[in-house]
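So that you can tell them apart, the chains are marked A, B and C in the order they are listed, and the count of residues begins at 1 in each.
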Amino acid sequence: MIDPPSLVDQYCHGVLRTELGLGTFEAQLARTEGPPAPGTTLFDTQTGFAVRRWCPPLLGLEPHCPPARYLARRRELGVLEAGRRLLRGSGITAYLVDTGLPGDLTGPDELGRAADAEAHEIVRLEQLAEQVADTSGTVEPFLANLAESVHGAAAHVAAFTSVAGPRHGPVLTAEPPGPGEVRGAAGRWLAARHAGDQLSDPVLLRHLLWIAVASGRPLQLHAGLGEPGARIDAGDPVLLTDFVRATAGLGTDLVLLHGYPYHRHAAHLAGVFPHVYTDCGAALVRTGARAATVLAEILELAPFGKILFSSGARGLPELHVVGACLFREALARVLGTWVAEGAWSLDDAQRVAGLIAAGNAGRVYGLE
Amino acid sequence: MIDPPSLVDQYCHGVLRTELGLGTFEAQLARTEGPPAPGTTLFDTQTGFAVRRWCPPLLGLEPHCPPARYLARRRELGVLEAGRRLLRGSGITAYLVDTGLPGDLTGPDELGRAADAEAHEIVRLEQLAEQVADTSGTVEPFLANLAESVHGAAAHVAAFTSVAGPRHGPVLTAEPPGPGEVRGAAGRWLAARHAGDQLSDPVLLRHLLWIAVASGRPLQLHAGLGEPGARIDAGDPVLLTDFVRATAGLGTDLVLLHGYPYHRHAAHLAGVFPHVYTDCGAALVRTGARAATVLAEILELAPFGKILFSSGARGLPELHVVGACLFREALARVLGTWVAEGAWSLDDAQRVAGLIAAGNAGRVYGLE
Amino acid sequence: MIDPPSLVDQYCHGVLRTELGLGTFEAQLARTEGPPAPGTTLFDTQTGFAVRRWCPPLLGLEPHCPPARYLARRRELGVLEAGRRLLRGSGITAYLVDTGLPGDLTGPDELGRAADAEAHEIVRLEQLAEQVADTSGTVEPFLANLAESVHGAAAHVAAFTSVAGPRHGPVLTAEPPGPGEVRGAAGRWLAARHAGDQLSDPVLLRHLLWIAVASGRPLQLHAGLGEPGARIDAGDPVLLTDFVRATAGLGTDLVLLHGYPYHRHAAHLAGVFPHVYTDCGAALVRTGARAATVLAEILELAPFGKILFSSGARGLPELHVVGACLFREALARVLGTWVAEGAWSLDDAQRVAGLIAAGNAGRVYGLE
């Protein structure tokens, strides 16, 4: 009864082009510091179980078949054909793809063709700044090229994204840095850096985010679970409150990605600030059989016009599948229960499902 | 099976006396910084859906009818008659009313008459201090009048309340400020203030709260979701721990209001400290179809003799209705499930339901 | 369908040897600062209701019978016989017993005999250091004896444990203190202390924990709800992140105890770091009828090979019973629901249940 016809994945990455063995596949199921503990496997996680539930049938196998059997079938089909079957089986009709990760991942066009779906680019601000630094010798050209690159990208990308929140929480302050401060920081960073170095200078990150805000394109801010290297509370979206308040009314939307385990805080910000939106997808891929509850927790405070689906998938097309299947099932269960209890009308539930699955993303990113 | 006969709303405000249109009504459904985002409406929230579920039948309409139709019917009846029908349909038998908000809101007597229910006053400490400042010229009379006003009010009010926690978290320290410190702060504040200015001086707030503790009346402390202007973690009740410990054994009860999304922390404090109680109402109005889960989370750590119902309603009688209906339904569902599972006996469940709905409030506030 | 055959309680204490009256029994049901509030009782808590549900049948009474009747029956049987019936009715097949609490509690051997089960010792590091200080006059012998005691104990104990996290959060830093710093702190502490004084010096605690890490035995770190005296957020496991990262790869496992209400954070650390495990028991005893939900929240991020059952029981054999019964019921309900929904296969659910109940503990602690 509640099954939205289209599904926009508002944040994901491309998929690996290489054939994977059991170990290399397993390593993509979670973000860890080090290999699984002796006697354990990352297949024994919610993500692992969700992959085993939803993906084998798309390749002609029984749900929950053993990992080794699944991997054998995947290799038999070949990475391209398996990817095509999985992506086309996900039901996702449009992908927004963050192209800022290293590794041999497909870009938006290639992902879109494999999936037979629309695909749009999300530009990662840190990577864009690093590319500009690689080609700009000194401070003045660097800063000029940086501004030009962001504004140039704004004309064709779906959104910008940044991981500065969880990595450098206090960076996102209420005011942009002054021009002298920016020039000083740029000079020090350019002098010290080697090609390929990541941008971690807080002044430059702050400057970069404020340039992006001025561009008018939606800005996706990572929050909650992120890279394993961070202390998880650095990703608490409440740390973004001052930045959020300072950017209100400027015409640029902020989208808080992921959020879990601080998703109730992200939902709160989406409720209080007109220009703030919250994601409800990547957390589902991590929590598997608990997806309905996590989605319901987001639906407590976030207005229904402010919630956007994503898979957050990276590397494996299985994760796009799991993101989409868990979301659709969780949405049907949560809203269906509320309809059955009389709390919501069926019409409202179907309308809200359509908003979260695709309508809100269409409006925010200006998709046709 | 589980339906307590009386219901004490231990914290709410009055209702607006003016007729409301679609936009002015919608603005009362949430506390936001700015109007709804383009393409969205605050009716598309848990609170909006809960109002549309519970209120139309009290005015002779179908549940979930469109907002415009509901508002038309409301205007047809007139704000007074609609308010009477709603309040009398809520099932609330006694209201404790915080009179410290600005705006044209009904006071306890008028609310009680409209609702055909008991009503008692809660005095907001900050507002009381501002009124005393408006009529006291210099430091010594101000401080003397302040103490006299608090102790005078203690003789007839149900409780005191303060929003100092979420607004000025670190204010609530383990010790009252010294007399010299208080005189200095009062002098500076009185000299700088204009009539109508809000009290935000941390020393005076601290002084005020300790005077209230000395009065012996229950003191309600706001926590969790509050004014949109605050950073939400400023309302985490763990920040009150030192103040709570310092006030133990003085004979004054502390009631933590709201709490969400830190309601598990509030429940913990109610479990550890004999004089601490926790609210379980306002959070339900904000979370709507999720009310049963939020109530259940409070019921994890809080002893059942330490939990008090409230609606937290403000401005719209619809919010009193929604607070009462969501609470009763959530209570019946949560406790009923535990009885069905064998975890609780039916006798215990009915007894606990009566405590949370009215019995605990009767004991704490000394209602007959 | 899901009922693991053996159950290892990886963290508990002994039971009281004295007969208890209604008041002394009630006082063991929660950790509070002060007696119950007037008009309330600690039997009206999730723990109290869980005891009344599960324990009376083991002594031949009806579930949910009044506390006075239960206590009368308990005294009729005598504390020894009642304890035997309760412990043998719990289904726990092996106990790991923290012997570091004061009071007349049974040790591992006596508990094991009463329960007809295996029992192993957990040594509390703070208490061990205090014992060494009682018998070592000056700095050099104290430090030498301390290292020797820890390494000596490591040969025969199941694990070490420490409450330094919730009591002295920032103590657990990324580096051990230097030798000069340790000698200075030891000198000051030894000079000032009286026999029986607790160890609270942060440098010595840090030193002690790093010695324990070097021993190779699993190290259990308290987190979340702990002693009532602590501010609850001092027990947030995210505060352990630097210590956790610094101890990765050294060959010693860390087990985060309790965790609630920060159990999602503990589960996250268990997911990211190969040498980190998380407990899923003591929180269930505190949350009673909500045990299934709390367990499910732990199962969101923690890999299934990284979760260990415990009762956390202390003083009353009733708490061992409640810990075991709530866990088994919650596990069957949570995993059973996921099997019924098709999210997990029955084979996987049974295998994971066995891991959490006993298999993971067997592997981590080297039980046969």
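Basically, a residue touches a chain if its C-beta (ideal position, glycine included) is under 8 Å from a C-beta of that chain, and two chains touch if they have at least 3 such contacts.
Computed from a predicted structure; not experimentally measured.
S.K.: For the two copies subunit C and subunit B, is the contact made of the same residues on each side, with over half of the numbers shared, or of different residues?
M.R.: Here the answer is different, because the shared fraction of interface numbers falls below one half.
S.K.: What's the rotation angle, in degrees and to the nearest 5, for a C-alpha fit of subunit A onto subunit C?
M.R.: For the C-alpha superposition of subunit A onto subunit C, the angle is 120 degrees.
S.K.: Find the geometric centre of each of subunit B and subunit C from their Cα atoms only, then give the gap between the two centres in Å, rounded to an integer.
M.R.: Here subunit B and subunit C have centroids separated by 37 Å.
S.K.: Please list all residues of subunit A that touch 2 or more other chains.
M.R.: If we look for residues of subunit A contacting two or more partner chains, we find none.
S.K.: Which bits of subunit B are touching subunit C when the two form their complex?
M.R.: 236, 238, 241-242, 245, 248-249, 253, 264-265, 268, 271-275, 296-297, 299-301, 303-306, 338, 341-345, 347-348, 352, 355, 363
S.K.: Given the complex with subunit A, which residues does subunit B contribute to the contact?
M.R.: It comes out as residues 30-42, 44-46, 49-50, 53, 63-64, 225, 228, 231-233, 261, 286-290, 293-294.
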